[in-house]
Every structure is written in C-alpha cells, then in structure tokens.
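In what follows, structures are represented as structure tokens.
Heads up, the next two complexes both have chain A, just with different partners, chain B and then chain C.
What follows is the complex of A and B.
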C-alpha cells in the first residue's frame, strides 16, 4: 500500500481528535458507541457526533481486572478498562454512552460503566425471528431517539433521519467497495492493511471525509491491481476470518495468518462485512433502522441463521480456500456457535476450518502459530 | 541421498536420518537452556545432505540454518503414516502438549486439536507426580498397571494434583492405587480430546508418554482397539520431517553449512 495514504490516514486521525474537541467547545454533543447493534443514525440526525469507543487493546485489561473477573472476554475488559483508566479520548469526549444487552458479560459491564458516564442501554431482543422482537426493538430505538432529543435539544424528524441514513449508507457503500477489492485474485491489499484503514477511519467524526478517503484508497488499489501489483501470489491461500470483531491491538491472528504466507481476504465479523448491511431508504426511517440493525448476525441471537447466509455468500464471492473462526476467550456464544459453523463449512464447502480461542495478550503467540501453520498446510494439500 | 529431520520439542530434541525411505540413524537429547547448541551437537554425529525442522523450535532453526520447516502436526502425520500405513488417527503426548490428529485415507491431515496451554496430562505432569510418589518413570506405569485399587484424583492441574497426591499419601493411601488414579485422570482427559477429533482405527500413539505401559493398556480398554505404538515413539515427528525432507526438491543445505 502506498505509504502516502497511511501518512494521510495518520494525520487525519490526529486532526480528528482536535476537530472533536473543537466541536465540543462549540456546544455539539458527543455520543459514544461500542457495538454494531446501536444505530448511529440517531446521533447523526440530532447533529451530535457519533464516536467509536476503544476496546481492542490489551493495555487497560490489567486495570479492568481489579473490578471485572479475569475469565471474561478481553473485549469487555478492554472497553471497561479504557473507561476506568480514562485512556480513551473518545470516551472522555462522550456526553452519553450507548450500551446494549447483547451478551451477559457486556450487559452487566455496562451497569458498572455507569459510574463514569451516563449510559443509555438498548434492550436488544435475543431473536430476530418473531414479530414481537422487531416491534420491541423498534420501541427501544424510539426510546433512544427520545433520549438523544432530550440530551441535544434537537427534534429528530423523519427528514433528518432520512438524511442521516443516506449518509451512513454512503459510508457503508464505500467500505464495502474497499473490502470488495480483495475479491481479486491475488488480492491487491493485505488483510492487515484493510483492517488498519477501516479501523482508523471508523473513528472519524466527519463521515464525508472518511468516505472520500475510502474512495481514494479504492482508486489507488484499483490502479495497483491493474498493474498486476499485489503483496501476494496467484497461489497464496485465501482465508476468510469469521467470529468476533478485530481491531488494531487485537489483530494478532490476522498478522499470524499473513506472516505464515496466507492472505486474509474477508472479515465476516462486526468490524468487517456485517457492518455494511444497507438501510432501506424507501421505508419509514425509524422502522428501516430497526430492521437493519436487528438483522446483524451476531452469535448473541438465537437462532442465528444470518451468519450462515452471509458466510455462504462470502465464501463463494471471495474464492475462499479456508475459514478461521476466532473466539475471544470466555465468549460463550461464539465458542458454542463454532461447532455448527465448522460443520457447515466442512459439509457445504469441504474447506479446511480452524477454530481459535485466544485473548488480546501475546502469551500464546507460539501456540497459535503452530495451529495456523498446520491449518495452512491442510489448505495447501 | 541422506535426508534428516529434526524435531525440537520443549523437553527433548530428536534427529532422524533416512536413506531411501529407511531410517538409518536416530538420536535424542535434552533440549536444555541452549537448544541451538544441542541441535549442533546432534547434527555433528552424523552425515546428511539436507535437513528439515519441526517442533516448537523450528523457527529459530530455520533462521540459523536456512532450513525449511513443517509443523509438528504435518510431521507426525507423515511419520505415523510411514510407520503404520493403516493409520487414520494419531495421539501424541509429549513433554508439554497433547495432540490428536485425524488423517484422511490418503494420509493428509483432516482435523487436529492441541492441548498446549497447560501441562495437565502431559509428560511433564507424569514426571512431577511420579516424583511425588517416589517412582521413576518406568516403574510409575508398571506399578499403576498392577494396582488393585483406584483412587480418584480430582485435580488435573499439575500444581493442585501434586498437593492432592501429597495429602493422599499423608492419609496412608497405597501409592500404586494413587498412581492408578493419576493414569485414569490422564486417560479421561486424553479420551475427550481424541473424541473431539477422531477415534477411527488404526490409532497410532506417539510421543514420550506412549512408553507408559499403563496408559497404553487403559487406552486399549477404553477404545476397544489396540493402539499402535512405534518402537521408538519419541522420534515419529523427526522421522516424518526426514521423510518430507527426502521428497523436497531443490533443498541442499548439506552438513558443511552447519559446521
């Protein structure tokens, strides 16, 4: 990847923090988000600044363990630890933090997080299949809208919501186009590059500049691909990573896979492809938002057929040679769901499958390396 | 053409040299604090034309000697298949990890699992408990096999199991019955790993712990089949690595380089 683009990305990331600070001084409210179930459109429509909150690094976990149990998922511990140690600038900026009742660990952690910031917790249904679930969820989002109206003093009209949806849909389209570059064989972009770009842009307060930058990166990669440039070869194994979200600080598995000579071409997770489901712009905005967000195929849903549907599509479209399913330690829902994902991948596609359970620390790097290399030996056979 | 395989494990390093598919040399040494020097020592004892490394130390070997590498999984698969062409499942219990590997009918790995975060149920665990009971490793298995009773051991963590054994001894329990209980605990742990991967016959039991006669007998009873144990179960990985080296074209990192 062009060095200049990474340089720009870094500059814009730093500028972003200054911009948020400035906007806050001018009286704009900041709303912090953790999870893909929370509708950022509500914040955008109210003229507030939606920000992603930190939770992908190992550093604050030790501090979090003073309060939280050790045998809890690192994502929850990291999120809490950042807040407790006041080391996430976006958390510090937040006037309101949005939680949601996804897994047991997260929903109880949000109760503790209320010590540091006002929390609005969305009550998420555990299923997508009954009508009751959607109307319950619609009602929850409506309540959230009312809360944001109260915090910002802005009436969130349907028109404002529609504008917000158009903007976030554009962002999804740009992100999807970026991820789709890896459909080329060999992929002109590495999984680590892709992850870095998406992760950093994810913090941008200005959605439009994020979209513009992603479009620019796509053009750049397109050029590179047309000249036959790629960090990989025609025969480099193409790996799909499924399971828990990964970001900078928790990308060790992606790094190990690519160091062992493979290419991570697709992320079937909340930091990747699950984040680009479009919102229907023709429907009543609040209902369209409720439908789109509830359809997110996370393992907290029971049953969770959407993950299998998405995997079916992605394995084909990205010409995948093997599937790695990543579970954060002590994440029961992904850990258990892995059994069915493995059966599905092997029976439907006959592809090698590897389930990894790990945390954010580096303590098991060598053990992971053996598993990943042995898995890639299977892929190559 | 002589091809060598070196398996750099956590407790021991194994070197095997093959010529025309036949093993003509094998040696084992302790890994110690200086595995590189131990590798050199092993390699000085024998002539070979090329070498391939496996085991947890394969990457430092690769860096120092420009040797190709494969994982233990692949090396054990190749080695076990060469020794027992009917092999479909491999159980390897080494110094600090346990592996179960399923092979397809061509001998390729189709699934594997490893227990390597903790020494429970591995060679290390056996060593610690044998010592606590005052046995040497050889006696440990034999005495456990002869035991009439079986005292259930509840802890599988090396540290906790050791203190459990100590308190059983303080209560004047027979040490062979405790030994039997320890073997039963390892058996159960091993079976659950094996069942997640495969129990398709033939099962080849490799690694240092395969020398333990009690565990072999317990496995045979529990699985309803005779597990196959190589003559020297510790060198299966190194043998597999040598067999793979033999097939590799374009590598000639002859011994001269290592001097």
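What follows is the complex of A and C.
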C-alpha cells in the first residue's frame, strides 16, 4: 500500500481531534457511539457531531477491573476503562453517550458508565422476528431523537433526517466499495490495511472527507490491481473473519492470520460488512432508519438468521477458502452461536472452520499462532 | 410417611425403573445420580439438628422427586392434562394452572452431563445453563422428558442463545422479556403473555376462562402466601428454621403439587410459629444472620448456604428467584374479565427485579429493605460463575450496602465442589469481620 495514503490518514486523524475541539468551542454538541445498532443519523440530522468511542485497546482494562468482574468481555472492560481513566479524547468530548441493551455485559456496564457522562440507553428488542419488534424499536429511536433534540435545541425534521441518511449512505457505499476491492483474486489489499483505514476513518467528524479519502484509496488500489500488484499471490488462502468487531489494538488475530501466509479478505462483523447495509431513501426516514438498524445480524438476536444469510453471500462473493470465527472472551452470545455457525459453514460450504476465543492481551499469542497455522494447513489441502 | 434420604429410592418397595425407561432416561447414569444426590442430601440435610417435624414432608418429596412425583405427572398426563417445564420465574404459571396443567421447574442445579453439555456449549457458560443442557443431553431429567412443552425466556445472553440449541433436542417456546420497565415494556410483556395464553390453549385444547384463570391465580397466590408466611417467621430472633431448610421449601415449590405443597408449608409454619412464640431457635442467640442475595439456587445447589451454616452463621433470607423474588408479589385477585386478569398478571411479573433489567434500582432497594427487616448482620452476594448480569450488578449493590454500613461478601462460584475449602475460608474470614 502506498505510504502517502497512510501519511494522509495519520495527518487527518490528528487534525480531526483539533476540528472537534474547535467545533465544540463553537457550540456544537458531540454525541458518542459504541455500537452499530445506534443510529448516527439522528446526531448528524441535529447538526451534532457523532463520534465513535474507544474500546479496542488493552491498556485501560486493568483499571476497569477494579469495578467490573475480570471475566467480562475485553471490549466492555476496555470501553469502561477508557472512560474511567479519562484516556479517550472522544469520550471526553461527548456531551451525550449512547448505550444500548445489546448484551448483558454492556447493558449493565452502561449503568456504571453513567457516573461519568449522561447516557441514553436504547432498548434493543431481542428478536427481529416478532410482530412488535420493529414498532418497539421505532419508538426507541423516536425517543432518542427527542432526547437529541432536547440536547441540541434543534428540531429534527424529516428533511434533515433524509439529508443525514443520504450522507451516511454515501459513506456506506464508499466503505463497501473499499471492502469489495478484496473480492479480486489475489486481493490487492491486506486485511490489516483494510482494517486500519476503516478504523481510522471511522473517527472522522467530517464524513465527507472520510468518503473522499476512501474513494481515493479505492482508485489507487484499483490502479494497483490492474497492474497486477498485490501483497498476495493466486494461491494465498482467502479467509473470512466472522464474529465480534475488531479494531486497532484488538487486531491480533488478523495479524496472525496474515503473518501465517493467508489473506483476510472479508470481515463479517460490526466493524466490517455488517456496517454497510443501506438505509432505504424512499421510505419515511425514521422508519427506514429503524428497519435498517434492526436488521443488523448481531448474535444478541435470537434467532439470528441474518448472519447466516450474510455469510452465505460473502463466502461466495469473496471466494473464501476458510472461515475464522472470533469471539471475545466471555462474550456469551457469539460464543454460543459459534456452535451453529460451525455446523452451517461445514454443512453448507464444506469449508474449514476455526473458532477462536481470546481477549486483547498478548498472553495467548503463541498458542493462537500455532492453532492458526494448523488451520491454514487444512485450508491449503 | 416414610422418611427416606435416598432420592427416588424404591420407597415402599416401588421400582420406578420401568417408568424411567419409558421416559427415555439413561438408567445406569440416572441410578448413579440418585445415589450421589441421596448421599449429599443425607450429609447436608439429615445431619442438621433440631429441625422442625414439618420438614419430614419435604424430605419425603425430595426422596421421591424422580419417583412418585414423576408418577403423578404421568398420571395427570394420562388424564389428558399437560405438563409444562420452565427454567425461570418469569413464566406465568397461573395460565398453566388455569387449564389444569402442571408447571414444573426443570433440572438445572447439579454438575451433570458436563461432557455432553460442553459439546454444544462453551466451557465458560454459567453452571445453570450447562446443567440444564447436560441433564437433557445425558438423559437424566425425568421432568423435561415428561414435559409436553418447554418454555424458555430471553432473560440473559447465555440462556437466550442456549435455547436455540436446546430446541434441536426438545422443542422450546421462548418468551421475550423486556429489559427495562417503561410503559412500552409493559405493553411488550403483556403481548408475550397473551401469546403464551394462546399457546397454552392450543396445547391443551382448553379455553382459559374468567373462572379457571381466577382459580389459577388463587392457587399460585396461595402458594406465595404460604412461602411469605414462612419467610416472615425467619425474622424472629433467634431464627426458628435453618436457611438450608427454608431454601429447600422454596426449591420444592417449583415442582410439587401446588395445593398439597401449600398445605404442607402452612403446617410447617404452624409448628415454626409455636417455636417463635416459645423463643425456640434453630441456633443460639447471637449467631450472625446472613442475607444471601443474587443468582437462583435450584435443587440440589445447596453449596453456599451449607458452607455458611456450617461456619457458625445462619441464613435468614434469600434475595433470589428461589426465594423472595418469586414470592414477594401477588397477582391482584379482583379482575373481573380476562383482560383485567391478564393486566394483573402482567403487573405482577413486571415487578420481578432480576439483574437482567437495566437500571434495576428496585433490587438494590429491596436488598436494603430485607437487610433491615431481617436484621441481617451481613450480605453474601452470590453469583453463578459467568452470570454477567449479577456479577456486574454486584458492584452497585456493594456500594449501596456500604453506605448503610452493611458488609458484603462477593462470591462467584459454580456447581463443582473444588472450591469448597476456599469458600469456607472466605466465609469464615467474613464472619470474623462481622463479629468485630
């Protein structure tokens, strides 16, 4: 990957913090988000700044364990630890933090997080299939909209919402185009590069500059691919990573897979492909938002047929040779769902499948490396 | 009534093996299980001194838990009635009772069939969930075998996802539990109850009417009233009954015949009331009084109260779903239409303060109330290992108790016996602190 792009990315990331600080001084509100179920369009429509909050690094976990149980998922401990140690600038900027009742750990952690910032917790239904689920969720989003209106003093009209949807849809389109680059064989971009770019752009307050940068990267990769350049070769095993979200600081499994000679071509998770479902621009905006977000196929849903559907599509489109299912330690929903995902991957596609349960620390790196190498042997056969 | 310490033993010479075989149990493993449980019961329960005579009934019920009681279930099934198995106090048994059905709590309190369970569930899943899966997969729970319907609920992550897998082995109907307590949550939950009512009507082919539902509500309430009465007597100084015995009564409430059970609890209470009047206690005055709070304890999970009560303290109340949380609130009995009765049922069940709710401040308030009413000298917060809602909520509970100057000990454990020594050391140290 061209070095210049990463330099730009770094510069823009640093500038981003200054921009947010400046916008805050000018009176704009900042709303912090953790989860893909929380609709950022509401914040965008109110002229507030939506920011992603930190939760992918190991450093603040020790501090979190003074309050939270040790055997809790590292994502939750990291998120809480960042807030408790005041080491996440985006959390510090936030006037309001949005939580959701996705899993037990987060749901209960947000109660404790309320000590540091005002929290608005969205109640997510536990199934997408019941008659009432969508209307229940619609009202939750409506309540959130009212809360944001109160915080910002801005009336969120349908027109404002439609504009916000157009913008976030463009962002999704750009992100999807970027991820789709890896459909080429061999992939012209490594999983780690892809992850780094998406992760850093995810913090940008200025969505348009993020979109522009992603489009630029796509052009560049396209060029490179047309010239036959790739970090991989035709026979490099192509791995789909499914399961929990991954970001910088929690990317060790991606790194290990690629170091062991494979290429991570697709992320079926909330930091990857699940984040590019489009919102229907023809429908009533709030309803369209509710529909899109409820359809997110996270394992907290019971049952969760959307994940099987998405996997079916992605395994085919990305010409996948093997599936790695990543679970953060003590994340019960992904951990238990893995049993059925494994059955599905093996029965439907006959592909090698590896379930890994780990945390953000480096303590099991050697063991993971051995397991991943053994798995890739199977993939190559 | 013959007192028997051996569970499911051939009391009165009756051999239940043909019935167990018909139910599809793994006979050899099941015999072993009954031997182990029988011995544990003898060691833990029959070794207690000065127990009320009224406990003999409950000893008997335990001894026949897999025998006579299952025979009764098969008998009621032969008459065309249905048996509904549940795992959680959110399932409204009033509706099941209304149509002449029997509601039973399913086996989930012992480290059983772990190897089988861990083939389909992660190792670090809570012991209760692994247990119900293990009991089913290893063919050791006659209750689930006898059930015409199994009802699950989306209380916690682990159960919610485990039911998807259990469903492959036994059809599981799942109720969606809200996670907050706003008006919309009440609407959601009411809808779930109405759907469950239809499911029960469809299962039994019987209509739920004002008359039979009134009866169902009355039976369930009477059971709760009897348990409330027993609980109230434990406020006395010195307490008239051991925590272990009171827990047992609460555990048996989940699978015994409700009318017979209620009568037996009231008989026990008459006797215990006399004890209180005469100042007779199960321990001497000055014994530290413990409130146990947290995850439920299903039969035969007696580990923590056993350690507490053999370390020189006594348990005076259980703030748990096998305890106060399932007996505290009654369903209002003045409903005149089905709608009003469903409203009353909805309201009653919405009051349950399980840690799966957020923010669940009611639970902390109730713990403080109980600690005061029962003159607790300390609180033992008990979580089953990997039970995220309770382990996280423990922090808030501890803070609230601290503010009132009440000491709390946080215990996280499973059904295994490996940590018995460590638990005993910790509990003894805690009691030392309390005595200071």
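Simple rule for what comes next: the second predicted complex is superposed on the first by the 381 of 381 C-alpha atoms of A that agree within 3 Å, B and C clash if a C-alpha of one lies under 4 Å from a C-alpha of the other, contacts with A are read in each partner's own complex, and residues count from 1 in each chain.
Note that contacts are C-beta pairs under 8 Å (C-beta built on N, C-alpha and C of every residue); 3 or more make two chains touch, one makes a residue touch a chain.
All of these numbers come straight from a predicted model, not from anything done at the bench.
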{"item": "Touching partner for A:198 - first (chain B), second (chain C), both, neither", "value": "neither"}
{"item": "Touching partner for A:105 - first (chain B), second (chain C), both, neither", "value": "second"}
{"item": "Touching partner for A:374 - first (chain B), second (chain C), both, neither", "value": "first"}
{"item": "Contacts of A:302 with chain B and chain C, given as first, second, both or neither", "value": "second"}
{"item": "Partner with the higher number of touched chain A residues, chain C or chain B", "value": "C"}
{"item": "On chain A, the residue positions that both chain B and chain C contact, one per complex", "value": "none"}
{"item": "Contact footprint of chain A on chain C as seen in their complex", "value": "120-122, 124-125, 154, 156-158, 160-165, 174, 176-180, 184-185, 187-188, 191, 355-356, 358-360, 385-386, 388-389, 391-396, 412"}
{"item": "Residue ranges of chain B in contact with chain A within the complex", "value": "56, 59, 70-74, 108-110, 112, 114, 116-117"}
{"item": "Chain B contact footprint on chain A (complex, rising order)", "value": "364, 366-367, 369-371, 373-374, 377-378, 381"}
{"item": "Residue ranges of chain A touching chain C (in the complex, touch as defined)", "value": "67-69, 71-72, 101, 103-105, 107-112, 121, 123-127, 130, 132, 136, 139, 299-300, 302-303, 329-330, 332-333, 335-340, 357"}
